[in-house]
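By letter and in written order, the chains are A, B and C; residue numbering begins at 1 in each of them.
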Amino acid sequence: MWKLYYNKKLTIFLLLLPLLIWLGLVYLGSLFTLLLNSFYRVDDFSGVIVREISLSTFKDLFGQRTNLDIIFRTVAMASSVTITCILIAFPIALFMYNNKNQFLKPILYLGIMLPLWSSYLVKVYAWKLILAKQGIINFFVELTGTQVFLDSLLSIPVIGGTSLSFSYMGIYLVFVYMWLPYMILPIYASLQRIPLNLILASEDLGATPSITFRKIIIPLVVPGIVAGSIFTFSLTLGDYIVPTIIGNSSYFIGMAVYTHQGTAGNIPLAAAFSIVPIIIMLIYLMLAKRIGAFDAI
Amino acid sequence: MLDIEFQNTTCKFKEFLALDSISFGVERGEFFSLLGPSGSGKTTTLRLVAGFLQPSSGKILIEGKESSSIPPFKRNVNTVFQDYALFPHLNVFDNIAYGLKIKKQSASTIEKEVKSALEMVRLPDLIHRKPSELSGGQKQRIALARALINKPRVLLLDEPLSALDLKLRQEMQIELKEIQRKIGITFIFVTHDQQEALSMSNRIAVFNKGKIVQIGSPEQVYADPTSEFVAGFVGESNIFDKTSSESLFGISRTCMIRPENLYFKKDPNEKYDIETEFILKESIYTGITIKHILSKDNKDYIAYSQEKKEKGSKIILGLYRKDLRPLSD
Amino acid sequence: MLSKIKLGKVFSTIITILCYLFLHIPIALIIFYSFSLDEKTLEFPPSGYTLKWFSVAFQREDIWNALRLSLKVAFISTLIALILGTFSALAIYRHDFFGKEVISFLVILPIALPGIVTGISMGSAINLLEIPFSTYTIVIAHSTFCIVTVYNNALARLRRNSYSLVEASLDLGANPFQTFIYVVLPNISTALLAGAMLSFALSFDEVIVTTFTAGQQQTIPIWMLSEFTRPRQRPVTNVVAVFVILATTLPILFAYYLTREESEQSNR
């Protein structure tokens, strides 16, 4: 039996076989059926799925104004959330990186890890309570008399709404909250990965801290920023729960997929909708790989 | 009776030829060293005996039986690794007992054997320690005990002393030799340190670039090297190229002579077969003696003496023909 | 120059503190709310404080059912993820072939693609194959994205180990199977445990993929989601939320300390 010991290729194959079956067959298979579904279409009259390959579902997807709106809305939200996260996460990651206090180190790190791993739904729920008309934000607004400020914010067209808990601003706030840790950690990791002697060499060659910062640190941190943005972008693109709970019933991609795949719905269209984030993310991932962001995950 | 025999054994990794058709045999009870620079194939040879590698062609015979397809856990051979490879999650007792536990020996046998193994390496008190609590020398001896307790036919040692400091290394060399003599097991010992090989072995196989360039006793390899490589690798040597040998000695081959066979002429009455003049370049104090570097015709040579000499001075060295070794390269 | 740096430091300290508050206050608030007396509204500040909602939650049968299901799914998924993740890491860690990149990519895909994509594809595949939705369909879905936590941890730990330990075991007479049990497994056990903790937390909290692959049953997150839209007793939801926070953060803390000990040891 152990004669096979020297056959390394066979051993590797046997060890990998269960995984390949599971992921290859089950997972990739499912993805493939999804892809396949997007090329089918729903017969307009009977509502039955017609299993012929055609692009008509995609025509519907990109042809109808409402659908395009949904896509643009989602991408716009994803982009603004990503940018905001980058702007906030960067100083935080820098702070963690510059911190020399050994006692503070695990506290800072866990302070990011724990919210990251805290239950997703609980966090959304918490924000629902916070943003609600009777919630804590309103409480402080009344306390500090900044009602006017809040009202004017809410009256900004498009992103405002009847209350924070039913508006784009609310959605935006919650997304930033949810994904912030996903942005902080990769940036922090890539900061840590900068070899110390590069910074020392730069100082040795006479550069001021701000030049060192601009020319050495920032370029080396970019992969981490890109890695974090992969998370924030991808997570926002596909999320349907936050816009449902916090939103003003305007649709995002995730919600569209969810609605259309219901029994009375248009599964090919749902599939087509979900192809959009896949394609966006694949392109994004390819660009990110070029910049070397994968080493920072 | 040959415990280990290689017959035209070749080992190739993708494009790299690690061993180029080598053949040799190791007798029962020998202390056999594989000596050579890094990458010369000596560790590959060891791993072929242990069973971690298979030859690309040729035969490997263990106790007369063709064994290249027998996996390492079925061979009657044990290894002492260069990094000791003690199991960090087991204490000393369990480390040493590992082989016996696998063979399902009884608890009482195991306890007896482990205790006597520890006695043999003179570390009876360390029985409950973990490897992380041991010093380098202690780890090495525990690794030895762990291998020997299985009473293998052949023990393989992969540069086991290279991580130890000089004093400890010299002590261990003596101890290893004693242990080997006492139990009579065949040792195959890999090293790049020629002094180690010379002091411990019954026979040495000198490796270079995947080939065995010479096999012999330490005296043979030292006094009668067959090639310039061996001459230079084992001990210090002076190499006179063809032209110099012709003009100085009348021999039209590359010649080698050991530095200790070049004598500083003190008394004009001393009679040497050949005397030549050199210029002293540098003197290096080594404690035991002074190593002088002398040059002639733009080449450097080495000689020893107890006296200091002036740099740049003209020195006359004498030698005897019997000490000259013409080389085949 | 000096004052600029000082200013920068003060600025980033303030941002950091604000940010940490931002991250933690919502969660603290939930815990706080679970003691609130109010039933209907989500008022702040609450009209009073009580522990009664905890006992109410305790008696709700639907919560217990959801909890049982969540735990069952999490345990089984973690088990499957452990096996698949460990085997795959074992196959890969010594070699550097092209397939290695593919495997790593494949393993991370379920968690990298948006949940809704994974959810809808697995859901429609199950539909297509006319398999009834049950606990097992949920388990299949969860294990798929849990593999990566075990795989990454196992891979990292295996890479740090010296291979000569494996060779020593083989040399001493243990066959590969025995070597795995007696030498490899003990040395990666903490990494596997950490991976299992992460996998458990991941599975316990997952809602999007679960929605598509569950039948009529509810896991805790699904229960919570239905409570958001058609709440029975809001404060009870808060109580469950507190419990969920504990159930997901405690394993993470544990996993953190497990892997931190190792990285400290390797830096020694």
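Quick note on the criterion: a residue touches a chain if its C-beta (ideal position, glycine included) is under 8 Å from a C-beta of that chain, and two chains touch if they have at least 3 such contacts.
Computed from a prediction, not measured in an experiment: that's the story for all the values here.
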| item | value |
| --- | --- |
| Distance-maximising chain from chain A - centres being C-alpha averages | B |
| A-B or A-C, whichever has more C-beta pairs in contact | A-C |
| Most central chain, Cα average position | C |
| Centre-to-centre distance between chain C and chain B (centres being mean Cα positions), rounded to whole Å | 55 |
| Centre-of-Cα separation between chain B and chain A, whole angstrom | 61 |
| Distance from chain C to chain A - Cα centre to Cα centre, in angstrom | 17 |
| Sequence positions of chain B contacting 2 or more other chains | 71, 73 |
| Chain A, residues touching no fewer than two other chains | 2, 5 |
| Numbers and ranges of chain C residues touching at least 2 other chains | 175 |
| Chain A residues touching chain C - in the complex, by the definition given at the top | 2, 5, 11-12, 15-16, 18-19, 22-24, 26-31, 33-34, 37, 88, 91-92, 94-96, 98, 106, 110-115, 117-123, 125-130, 132, 134-136, 138-139, 177, 180-181, 208-210, 230, 234-235, 237-241, 245, 253-254, 257-258, 261, 267, 270-271, 274, 277-278, 281 |
| List of chain A residues in touch with chain B within their complex | 2-3, 5-6 |
| Complex interface listing, chain B residues touching chain A | 54, 69, 71, 73-74 |
| Parts of chain C lying in touch with chain B, wherever the complex brings them together | 162, 164-165, 167-175, 178, 182-183, 186-187 |
| Parts of chain C lying in touch with chain A, wherever the complex brings them together | 1, 4-5, 9, 11-13, 15-16, 19-20, 22-24, 26-27, 29-30, 33, 41-45, 83-84, 87-88, 90-92, 95, 103, 106-107, 109-110, 112-118, 120-125, 128, 140, 143-144, 147, 175-176, 201, 204-205, 207-208, 212, 221, 224-225, 228, 237, 241, 244-245, 247-249, 252-253, 256, 260 |
